[in-house]
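Naming follows writing order (A, B, C and D), and every chain is counted from residue 1.
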Amino acid sequence: MKKLINTPDHLLHDALAGLAAAHGDILTVRFNPDLVVRNDAPVANKVALIAGGGAGHEPLHTGFVGRGMLDAACPGAIFTAPVPDQIFAATKSVHSGQGVLYLVKNYTGDTLNFEFAAEMAELADIEVATVLIHDDVAVQDSLYTAGRRGVGLTLLLEKIVGAAAEAGADLATCQQLAAQISAHGRSMGMALTSCTVPHHGKPTFELPADEFELGIGIHGEPGRQRAKMASAAAIAEQLALPIIADLPFQAGDEVLALVNGMGATPLIELYVMYNELRQILNGHGITITRRLVGNYITALDMAGCSFTLLKLDPQLTTLWDAPVCTPALRWGV
Amino acid sequence: MKKLINTPDHLLHDALAGLAAAHGDILTVRFNPDLVVRNDAPVANKVALIAGGGAGHEPLHTGFVGRGMLDAACPGAIFTAPVPDQIFAATKSVHSGQGVLYLVKNYTGDTLNFEFAAEMAELADIEVATVLIHDDVAVQDSLYTAGRRGVGLTLLLEKIVGAAAEAGADLATCQQLAAQISAHGRSMGMALTSCTVPHHGKPTFELPADEFELGIGIHGEPGRQRAKMASAAAIAEQLALPIIADLPFQAGDEVLALVNGMGATPLIELYVMYNELRQILNGHGITITRRLVGNYITALDMAGCSFTLLKLDPQLTTLWDAPVCTPALRWGV
Amino acid sequence: MHPGIALGCLIAETAMHITAQQILVFVGKAAHSIQTQRDYLTDLDAAIGDADHGINLDRGFSAVLIRLPDVADQDIGTILKTVGTTLVSTIGGASGPLYGTAFLRAGMTVAGRFTLSPEELVVALEAAMLGIQTRGKSMRGEKTMLDALAPAIDTLKATLASGDDLPIALCKSVNACETGMRSTIPMLATKGRASYLGERSIGHQDPGATSMFLLAQALLDTLDT
Amino acid sequence: MHPGIALGCLIAETAMHITAQQILVFVGKAAHSIQTQRDYLTDLDAAIGDADHGINLDRGFSAVLIRLPDVADQDIGTILKTVGTTLVSTIGGASGPLYGTAFLRAGMTVAGRFTLSPEELVVALEAAMLGIQTRGKSMRGEKTMLDALAPAIDTLKATLASGDDLPIALCKSVNACETGMRSTIPMLATKGRASYLGERSIGHQDPGATSMFLLAQALLDTLDT
């Protein structure tokens, strides 16, 4: 394992210290429990948004703390949901009396720890609501799974609900908006290589040189199946068609498209994938009216990509376009 | 070789098509010869800035076309300087009568092709000036080398001179400013892995699991030496100390720091490196007043990073802070 | 790196009660075993999860070891609840709340007690299991830690009912726990991260069932010395 | 993938002049050889450069092949200038302007000519070399294409002066070119990308010197058939 780290034990602390030093104008980092909090939190008369999850997905979530997006992020250990104490500490730091919305990716660990934290918040008389994000079409939401995973849609949801909260929407409205986004967004991902969890020291899985993993999540888990290596066009189809079929997206739809790298995929390849996605959607009469191309929701040093589509309406589009000022997403300011 | 591409022959075209589709609000892509041009070019009464170089360094340069930065970028084949025809076509597209400034990374191929293009522009009565960027302290500027390479400073120079041009600075002023930036900026890079040039199909060099390359450029070339794998802190020293010693940077200096990933390095590691750099500079009494952390000047899928330091003064800081609206760098708008 | 097989049930006659002191020893042994098997547990998790189960539990039990002296003279309920809250606030992931809840719920059934009868042990274990099931919305047969815990409790109850001494009963129970752990290999996962793999989860031993077996073994070791 | 060694100089007596037709054949053979040795050239460039030299030249010479029919009935100067401008506008990198300039400058010395005497060939080659030196600000001994070209010209001049026929002279010249190519192996690079490597450039054959040898060989092959 070759990584630019000191020791696996110090990785998260060092990275957070770097984040704090680099973006002290936007956010503050606190340690033990580890929290990243918007500098002006609690923001008066605003619903507070908290997201969290294992580290290793940077810039998610810590890079999305700031005006127009998250009030706080709770980074757990690498790929490990944060502990309730962290989430509760964040809750106390950011709530301004208008309620707190937990934005939770649907994994057993995340839901359980946020559940615990919500119980603690309830005892402390802080109003909390929770939204589960579960957009990964690679997983069937059935009795036979822990339900669909939360992946790429997370970023879009954080941005859009963040804009609504910033504009003064109340807790119920934010929650409803999140539910609407969940209902209209779908994702799917693939990997060319596994990642290496620092404490583990070796790749989580080994892929032959001529195969890729289809239907991966964002934790280096193997995907639903292995497939023979193929062209960007063919891979784009294998990602896009299940997404389109699932909602389904239909001719005439306007969508926000996220082409996301898994951490080690260079931008040049992501633009190739965006080009393929665009052509596939064109063929279905679906128009991309907003888009984002880059490494936003990563799995450490995994190579690969994911597609996320979110059906837009004028309200969502306006909220997407609203100013945002975070380390990793910034426009309008 | 596993990459998200169709064929090596189509990679650049597909990526440019993706860029065009994603950022049509900012730029236009033309093919044969390949150009990326700011939508509102030629901008009346403005010095036009053109940069170019081999592809494979994305977002450099194509991702930096737009208001407040480049008027045009000329992407050559992967790691291959663009041909004069491209540069000349770009020149004709963007010049508004106030002259054109070529921002050229100092490599034999780049200087020769821009030289050719400048000769063509001269014949066409377009005023052209050229600035060479050569910030890599890993290479000694001596009779025994092709001179220092242009690396990380390129992005900072494009941004700052871009802001000056946008504000109405004339050609001579822009050129002088570029020279000032060149005089006050230095870089150094390292690689954990080589990259794979798509047409070549295999890694340019092989690195043992316990070694890294120190003093690399941005084309997958081997570096000046191999070193035993070390902690982030130790690697940061090996990058920062030669930079500091070279200018030299001194106690009391205020600097802009760029911690740049080589394409396959996840953000979490770059923040660790930023944290180390900051501490080293602290120890030297040097203060980081502006910074950028991310994969900006890459070498395809190479893992590794580079540091760039630029000594700031109030004028440079103001120009750095000025609004910029490009695919890869955006603030103030 | 493979955890030892449970010993054959060749245990000498010993006391019929578990003391608070033994609970402390048990927790220490459990922490030690988790640390020793950290990489093995993580490797198991790499195959069908995200390669952190050993890392997670080791972080949690290391924190427990630091807290343990604070409750060295306390009752079993307090000890178990301290273990539980420490696990909850240091592990994270799925296993943190699940193991944490297990210890918390077990502790609640034995509040104020300095010794436990075999029957009280069974009640505590059943509370632990119910805690996991409730938090995890899970049951036996889903390829989780429950598949090691449930048969262990079943066997413990049956063999105690048939008149076995606690050490013998616990020995048989740990054997059942091991069998349960192994039974996860052919199972299709329907809970936790492994469920995302569908059919590909088959053929791998569940990391949580494995750590559960390590805990059971630690308890047996404690009574056995 | 290693380019063949230059043939021994066992060449039959042939004409003392080079025709425009032969120049076309030469360019075709050169393009073919570059294509065949594309990966070999790129591998050489991977060792001390950026792994694109074969890719670059193949792109350029493939474009030349497409342009060639347009000048099939033109004079040698026009043919060479067309090759030069095509290389300049399709290769890029260092080798594009350098090879392009070489063909352009050679072409300028033979404008309007349909045959070349050996002396005119020498003049054209010297102009080509001077073009590379001027553009590249380089000279012999810096581990570049010049280290193959310069000895080839020296030998060509000397052997012609000593009375050899053109085919014999060219054969000896190509041998010198090959020796020059190999002489780059122990050299320290002081120009181009390889110079960044410092001492680590030693021990590798220069890709540009190798492609220069392939061109020389193609010329010899042309006169030889």
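Miscellaneous remarks
In this text, contacts are C-beta pairs under 8 Å (C-beta built on N, C-alpha and C of every residue); 3 or more make two chains touch, one makes a residue touch a chain.
Labels paired with UniProt names: A, B = phosphoenolpyruvate--glycerone phosphotransferase.
Quick caveat, the model's predicted, so the values are computed rather than measured.
In summary, no chain was found to touch both chain C and chain D.
When every chain is reduced to the mean of its CA atoms, the largest separation from chain A belongs to D. Between the CA-based centres of chain A and chain B the separation comes to 29 Å, rounded to the whole angstrom. Averaging Cα coordinates per chain places chain A and chain C 33 Å apart.
Chain A and chain D have centres, each the mean of its CA atoms, that are 55 Å apart.
The set of chain C residues touching two or more other chains is empty. In chain B, there is no position where the chain touches two or more neighbouring chains simultaneously. Taken as a contact graph, with one node per protein chain and an edge wherever two chains touch, the assembly forms an open path, each chain linked only to its neighbours along a line.
Listed by chain label, the pairs that touch are A-B, A-C, B-D.
The touching residues of chain D, when paired with chain B in their complex, are 39, 42-43, 46-52, 55-56, 59, 88-98, 135-136, 188, 190-193, 195-198, 200.
In the complex of the two chains, the chain B residues touching chain A come out as 2-7, 11, 14-19, 21-22, 55-56, 58-59, 63, 192-193, 209-210, 212, 229, 231-233, 235, 263-276, 278, 288, 291, 293, 295, 298, 300-301, 303-305, 328, 330-333.
Within the complex formed with chain D, the chain B residues making contact are 54, 76-85, 107-109, 112-113, 115-116, 138-139, 143-146, 149, 197, 199-200, 204-205, 217, 219-222, 224-225.
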